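Labels A, B and C are assigned to the chains in the order they are written; within every chain, residues are numbered from 1.
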């Protein structure tokens, strides 16, 4: 019983953490939270099922296509929903433009793919039982992404440039960094990460359009609680969330579990609006 | 000769104002007539759709104040519709309490809705935009889950029958008139708020929060009022919805519905009543026109939202804003009338001096101000100059309460000013302008200036809601005072123009007019001459001198030494957070260190 | 006055049928309008899509044979999108706008709960296949008839199978958090207890929960001898079946008909997991102990094949139910006429209308037309051509 709760909790927590990292990478590049992060996760599952189960492509090809699709959607998000509103002084507009884009994609998927959850293919032809691939695939994806991002930020020029943009856009621009291209690349990277989350978690969550609002909400909680801008914070918070959710499911049942998650979320946020690991904001007068 | 013309201006503006008011009311009157006459030409089916549009508008009218005016991204407001629907239904069904008459149930639902509106909305004060949006979505999910789980009360999945209102509202057309009447009342009430100091204060919080604080507007109190109102009408809409559906189950309260309400406001345009009203009607009626469209309706709403946000952020309201399409004069001059200041500012207040003693403040490792002494006396213009980064704006922010000094004292007339209380400064008659003009772009120049006088209004929120006499007196007073202020700074011809059409220099003078609404004992100006032409700088100087002569203590932070030396009685020069020199303009002009560090030549 | 609505459907068969409907009869008589409120899109649309295939075929056949007393039938469709709000809008349009003679549907209970009172107010006869018990009430809604079983009948059959045939006493009842799921659990647990069953587990679980192992482990540790799931969500049901298989736990799963649908089958990890799964179904559309379908049903299947109607992703009984409904309505109109009072009068005396789905009977006091003994349990993995074998131990 305990081991089931822990293993599933960690696995699903890794999916939430990855969506949280998607939010964070987008935020670092643009100071904007995009509603499309959860939709990327949903697309990872749906497109994975489409390419591999429906079209019959091999798993590796399917994965590459899914990552490419995620990156493309990330780029589309930046060009259509983020770049135009960054120019305006009105902070609220980005919430609306990314919300609109996310809704459009979700509805399109619901109509074309169907509103039922459809099966996600088994990626490796190994027997079930014990520590199944449903469980370790999301964990593997999470580790790969976190380690990969660390290496990127620490050892590559592009990674340093990302950090510079995140730290201080004006200074970065003054240094001559190509801000727009970097932002575009960040969004593409975030898109790929989000799609990977959905792909790795596909067997557990199934290829279902309703995963979009689910991941939008549960993927944001690690960001809010772990402190924005912190990938590690998002990862830890994601794992804790997954464990908490599975434990709550078990202890109080389905309906009250979501009430429990939400209540804890809002209470923590009210006490510490900047998250458990974040820094307070400076005013700009 | 000058005076009579100036006196003529306000009353002419009043006549124009009432002509404007009639043309603004025309669309509403047309809709009212259409709605009353509807049964004559609409069949029973369209009657149902019209009733539904009325019910939705009851909710959206309240939500409009939250989303359109206050700018809060409350996406999950369907939670309150659900709450109101279930409360009304359960109370009339009599399975928990003895069966209550439907009207009473509706009133109780409104009260509960108000309370929960407040609970749902309060996180907005602590959380940032996106976070708040997500929490409202979470709330909507929670309420539906509770409705499902609490089977003994709500009937769980099987639901509960909706209330039936007694005759004459029990027939379809009777019920239509009931909902239409409530919709009309909500339109009237929210239009009253929109045209009140509360409505303007909300837009200030939305678009120029810093300026709102400086004008004394208390965000928590105002948001609380709006959330309570919005929650209450949403719950009433819920009761009507339950009656329209005859039977409610949790699956009728989808997030799609919430998104519809939200998008109706955005499509209609923020800060407008007519726009969201038309938006709601549009979004309710649209799916009924083409069956294949029905499945795609949410997709189309979202696409419409994207187009609006990218292309016409002002929505339908912007499209209908014919007044602001008329071209402005191309060569406009700002000609202040300093002689009006005596009438505007009244007799000089009895305030003593505003003093800073050995004030110090550092940010992280940077010492922004280090041991600063400053004294601003009423009736004098005091200049504060220095190179970039010398601490000028920081000093201003300390005086106006945005930062608290780590050492030293800031006092008014001997009494220390409370720390971190920037929204109390207005009550102490300390007004300021900003380095970058903080203006509500979507509002008119006149409305922007009226924001400055918000704290002088006496009517409560409820009085404004119901357009009671005290509210009307407030409005007349604020309108006349603002026109006077605009005439004094020389912008009266631009009063009805939308502020984002103005030139930079005109925005600066607008800010001054707004600050003057407070009849300030002290006026703090942050680089008011930046971006002004030489001619305009001269006029600005004359205006500031006249303001001081009327008894106000003026502090001017500036980069233009000529202006400073022309108008100031005393000048303080800052460098690296410390006073480099202080004295009369002549003393400073020849001060060797000042010349070396700053003035050059 | 207003535009006629036609709902164009995705499936190829519907396209050919709709083509047949597009032209009304050349005869001077106006067509008879039948209002139709399916959920063809949205989260609960599988039933509606299945029923739709049958209804379109039936209307086409009736019209091809000359219609009803020379008048063609015209089906006016308003997709409710699984939303009670749109269902009410649609019902208003059908009755007050289009002025239909009779309404079939909605097919989802949540929508019907809102629509039944409205149709009663407009004096429109209604036939619907929804299961929630309170949806018929001859006193309150004298013009509303149900040509499908009630929740009581469905649950009763399943409970009887578990207790009397499989002889299990310790039962775990589980459903999702939808309206249908919670209502079912609420209805069936007391019925079980009244029959001396020991309900060792009772729960509502979020259908999106990816891991049902804790739930099944709890059932197992409570000593459950049978699992009874009540949900129309194929993802949820498949997770229960898969988890049971992964655990290697040998208990029967007895419950909702969707346990046997093609969608559920597609989501199974292993085909043999489908063993010992016994969903509800209906005698007429199942293989009798000899392995044969009744003549009526066999002929129906042939007609479906020639009309190229696909059964792989749906259930035969949905299609059959859809097929029977307009035929029953047409029968009424043929005999007495299309006026509301006439139709209601005829239905109130209907005895054993020979539908493919079942034999429907009504009386003025009983508007639930489906006979108790035609609700049966079947073996899920015997699925062939949309029909099943009866579950083992079932007497004929």
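List of remarks:
Just so we're on the same page, a residue touches a chain if its C-beta (ideal position, glycine included) is under 8 Å from a C-beta of that chain, and two chains touch if they have at least 3 such contacts.
Please read all numbers here as calculations on a predicted model, not as lab measurements.
A summary of chain positions shows that the Cα centroid lying nearest the centre of all protein Cα atoms is that of chain A. In terms of C-beta pairs in contact, the better-connected of the chain pairs A-C and A-B is A-B.
We define each chain's centre as the mean of its Cα atoms; on that basis chain B and chain C are separated by 54 Å.
Here the spacing of chain A and chain C, counted between their Cα centres, is 39 Å. Centre-to-centre spacing of chain A and chain B amounts to 35 Å, using the average Cα coordinate of each chain.
Residue positions 145, 148-149, 295 of chain B are each in touch with at least two other chains. For chain A, the set of residues that touch two or more other chains comprises 111, 255, 258. Listed for chain C are residues 41, 177, 204, each touching two or more other chains.
Taken in their complex, chain A has these residues touching chain B: 33, 80-81, 84-85, 88-93, 95-97, 99-101, 103-104, 107-108, 111, 213, 216-217, 220, 224, 255-256, 258-259, 262, 265-266, 269-270, 273, 283, 285. Within the complex formed with chain C, the residues of chain A that make contact are 1, 4-5, 8, 12, 111, 115-119, 122, 128-129, 204-206, 208, 210-211, 214, 246, 249-250, 253-255, 257-258.
Every residue of chain C that touches chain B in the complex is listed here, in rising order: 1-2, 5-8, 40-41, 77-79, 81-86, 88-89, 92-93, 95-97, 109-110, 113-114, 116-118, 121, 132, 134, 177-183, 186, 204. Chain C meets chain A in the complex at residues 41-43, 45-46, 176-177, 203-206, 208-211, 213-215, 217-218, 221, 233-235, 246, 263, 266-267, 269. Residues of chain B that touch chain C in their complex: 43-49, 52, 145, 148-149, 151, 156-159, 161, 172, 244-252, 254, 256-257, 287-288, 291-292, 294-295.
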